[in-house]
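Think of it as A, B and C in the order they're written, each chain with its own count starting at 1.
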Amino acid sequence: MKQYFTRKLFIYILTFFIAVTIDWLIPRFMPGNPVQVLLARASLHAEAAKEMYSYYTKAFGLDLPLWKQYLNFWIAIFHGDLGTSILLFPQPVIKIIMRAVPYDIFLLLPSILLSWFAGNKFGAFAARTKWLDNTILPVGYILTATPYMWLAILLGWVLAMVFPIFPLAYASSPAMIHSFSWIFIADYLWHWFLPFASLFMVMFGGWAIGMRNMIIYELEADYSHYLEALGAPRKLVRRYAFRNAILPQVTGLALQLGIIMAGALVTEVVFSYPGIGYLILGAIQNQDFFLIQGCFLFIIIEVLIANFLIDVLYIIIDPRIRIGMGGKSA
Amino acid sequence: MSLKVNNLKVYYQTLRGDVKALDGATFTIADGEIMGLAGESGCGKSTLSNSLILLKPPMRFVGGKVELDNEELPIWDMEKMNDFRFKKISTIPQYAMNAMNPIRKIGKMVSEILKSKKVDFKSTLPELKRRLDLVELSHDVLNMYPIELSGGMKQRMVMVLSTLMNPSLLMADEITSALDVSTQKAVAKMLVEFRDREFVKKLMVITHDISILYQIADSIMIMYAGKLAEKAPTSVIINSPRHPYTKLLISSLPDIGVKYSQKKLTGIPGKPPMLLIPPTGCRFRERCPVAFQKCLNEEPPFVEIKKGHFIACWKEFEKNA
Amino acid sequence: MTKPKKRINEFLYFALKNKRLRVGLSVVLFFLILALVGPLLTDYKWDDYVGPAYHPPSYEYWFGTTTFGQDVFTQFILGLKASFLVGIIGGGIGTLIGVLVGFTAGYHGGMIDEFLNMLTNIVIVIPTLAILLIISVYLKVRGVLIESIFIGFTAWPWAARAIRAQTFSLRSRDFVDLARISGIRPLKIMFTEIAPNMMSYLLMTFILQFGGAILIAATLDFIGLGPTNAISLGLMMNLAVLWGALPLGMWWWFIPPGAAIAAIVGALYLTNVGLDEVFNPKLRKL
């Protein structure tokens, strides 16, 4: 067990290291100079610009040798300092991101978890009868083949324009005060629904298809045949098949996270929903490298943590791994 | 009380047509009888045992009647057969080593199966433990996962589980194939013990290894190409078989202590026929050393030529007549 | 072992009979032909100003016009071409790399497998978007080819995993051991013994990579990281959203591109299911 975890930890740390290095490289590789970009926005007088230039270069540590900048970056991360945004100068990047994180969590967590549970249930359903299979299967395939942003656009168009039930953009109405009042919560949910539904539907399709295939595979396994030979009712056979089929679906969740993040990004863009995805878009368009850097760092950490949690979860639910590691077998 | 099978026909559906894998089997197994079922691969013995316990696509019920203890078995009806499975008819499958759910503790699995069959686990537990003792399995296995057991242990567990409800008919499908010789002996002895203690009333042991049947079976039934060839008490089959195929089969078995230089090992040249479009007449005629004109045109019926001795062979009928 | 020719004939027979394969392939072929023939149906370039802006579909402009008065149908046709290109090239590269990695890992096992596994896991987790960002800034003018190459080099882990698993199960089969005993070199074994048995698997993997590449490209194009010198379906949606097609209700601009992608990728998946049934007799319905 210990060996397994140490090895996993090593890979995670290595991945983190590589990913952070790539992340650090983003502003360094940009042609031109982030400070220049910053100053261009301020449109200062030439003389003043020169002064500001050397000030900011020092402030951003760009006058130090490269290796020192790299080291400082790591130190800064552990202090929670992700630099200052250019787009929303002079706000610190970490603050901007932290504002966006709750929106992301409220959007991603329910949509991922609910679609996973519902998708798996429906997929298992589809494996019951041919009729169900022929209806659920095509729906699932169409949904999973649908590009995230297009479904978002479609939902937005139908449910916000053609039938103006939901709002098209943002997470709350302009005049709303952010508090924990019922009005705010209701307003937020009203805005939240379309991006949530859009993400949910595409992911749902994927899980349903995956589960349906896994269940069919499990129903062909020896233990399923033995249960049938013992005359166990259909329900028990299905229950065992489901329980066995869920395991690869858990690993599948970890693998899909990168794709889901990308999907959330474009969905947020369509609905101008103030999550990290939306931030990234703005940062790309305005060449705010530090913001981009910070956002990506966040996503990396999120994905790694999620992967780790799922690894732990998998060990708990699959006894074969536990036993295999304990070295117990006759 | 007995198992009466009458003209059972079960075909395999394939895209090219029906493969006549089991084409009219008629036989009886009496209480207390261990009948061995032997034959080459593809002769239909697995089809026979599978059709009795789990007849599902691509197998197709074509005709015939099966009676167990004077009750007709609705083998074509998957749902209705559930009432009979486990309690009246049971099986130790070929894949016994993989037969248990890998992610369930064995005891939990047993309790769930019993519960689903409306049997009370608690009251059955003492008997379950006694049976475990009988097959020399520790009670601890109930708390373990299948992966923690060796192949032989898993097989014994399946044997215990399959016979827990004292079924009237137990079918053991190639259960010694994957074992070493000493374990084979132990398992074979266990089967006999189950019968002796009346855990099971009738046993059908399917194998291609006749030497095992020699040890434990009361009677042996030989199948060839979907048809029954010969059925007789074990000693008769081994020592004085009458069907040409059986004769060749027995003579191709090596004797202990005999060297190749003394007596050559003979096989049976040729291959079994394809059962998509079976040959007319007797299916063994291509490889039969004594086949004559009648064998080409007419199929020999499976009849009793002597008490307890059934055979399907024109040549032998002639001898009798 | 059945002769190869007989096997191919048998395969074709079942393939043509399979409904899902027929439907899936037909849809893909339909769009493919549209992409190839389409440019002949239009005289415009995608960014030409051809007529009145915000115009819904009409006899003159089959798919209507954009907020700038560009012909949406032209954009759609040319976008289709771009999508197919990315799918084939990107999917092809991804399959190639995935096969190489997966094959090697599965066949050799041991340390090589461990190392390749680690590599695969890292590539999966790293936000490839960041790398693309850097590339996109360096290459001010990017074409479909660059995008395809990038997608191929970042999407291969999925193919690698699948191929590796399949190789593992095949390499322990008897005929491979036989070849090994007779002293044939490993590379030759890979190509002459294992590969033919994996042909079906390789084809199915490519189809999935193809569909996946189209989807990834759509996402990249949508956030502006796609080709700079061509129109694509994702870019159409990007422009549409950017220029307020949603509140303006210009459905003819944003519905067709996404619908085409969903249809093509969906048809590809359907084809895959059909192929699975053809190759795997157990799944064939009777």
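Simple rule for what comes next: a residue touches a chain if its C-beta (ideal position, glycine included) is under 8 Å from a C-beta of that chain, and two chains touch if they have at least 3 such contacts.
A quick note: this is a predicted structure, and the numbers were derived from the prediction, not measured.
> A-C or A-B: which has the larger count of contacting C-beta pairs?
A-C
> Going by average Cα coordinates, which chain is farthest removed from subunit B?
It is A.
> Counting in whole Å, what is the centre-to-centre distance of subunit B and subunit C, each centre being its mean C-alpha position?
From the centre of subunit B to the centre of subunit C is 51 Å.
> From the C-alpha centre of subunit A to that of subunit C, how far is it in Å?
Centre-to-centre distance between subunit A and subunit C: 23 Å.
> Just curious, how far off is subunit B from subunit A if you go by their C-alpha centres, in Å?
56
> Mind pulling the residue numbers of subunit A that touch at least two other chains?
Where subunit A is concerned, no single residue meets two or more other chains.
> Specify, in ascending order, the residues of subunit C that touch 2 or more different other chains.
If we look for residues of subunit C contacting two or more partner chains, we find none.
> Where in subunit B do residues touch two or more other chains at once?
None at all.
> Provide the residue numbers of subunit A that touch subunit C in the complex, in ascending order.
11, 14-15, 18-19, 22-23, 25-26, 29-31, 137-138, 141-142, 144-151, 153-154, 156-157, 160-162, 168, 209, 216, 220, 255, 258, 261-263, 265-266, 269-270, 280-281, 284-285, 292, 296, 299-300, 303-304, 307
> Could you please specify the touching residues of subunit B with respect to subunit A in the complex?
For this pair, the touching residues of subunit B are 53-54, 56, 81-87, 90-91, 93, 95, 98-105, 112-113, 116-117, 145, 147-150, 153, 158, 161-162.
> Which residues of subunit A touch subunit B in their complex?
Where subunit A meets subunit B, its residues are 221-223, 225-233, 235-236, 240, 243-244, 247, 318-320, 323-324, 328-330.
> Within their complex, state which residues of subunit C touch subunit A.
It comes out as residues 118, 121-122, 124-131, 133-134, 137-138, 211, 215-216, 218-219, 222-225, 234, 237, 240-241, 246-247, 249, 251, 254-255, 257-259, 261-263, 265-266, 268-270, 273, 282-283.
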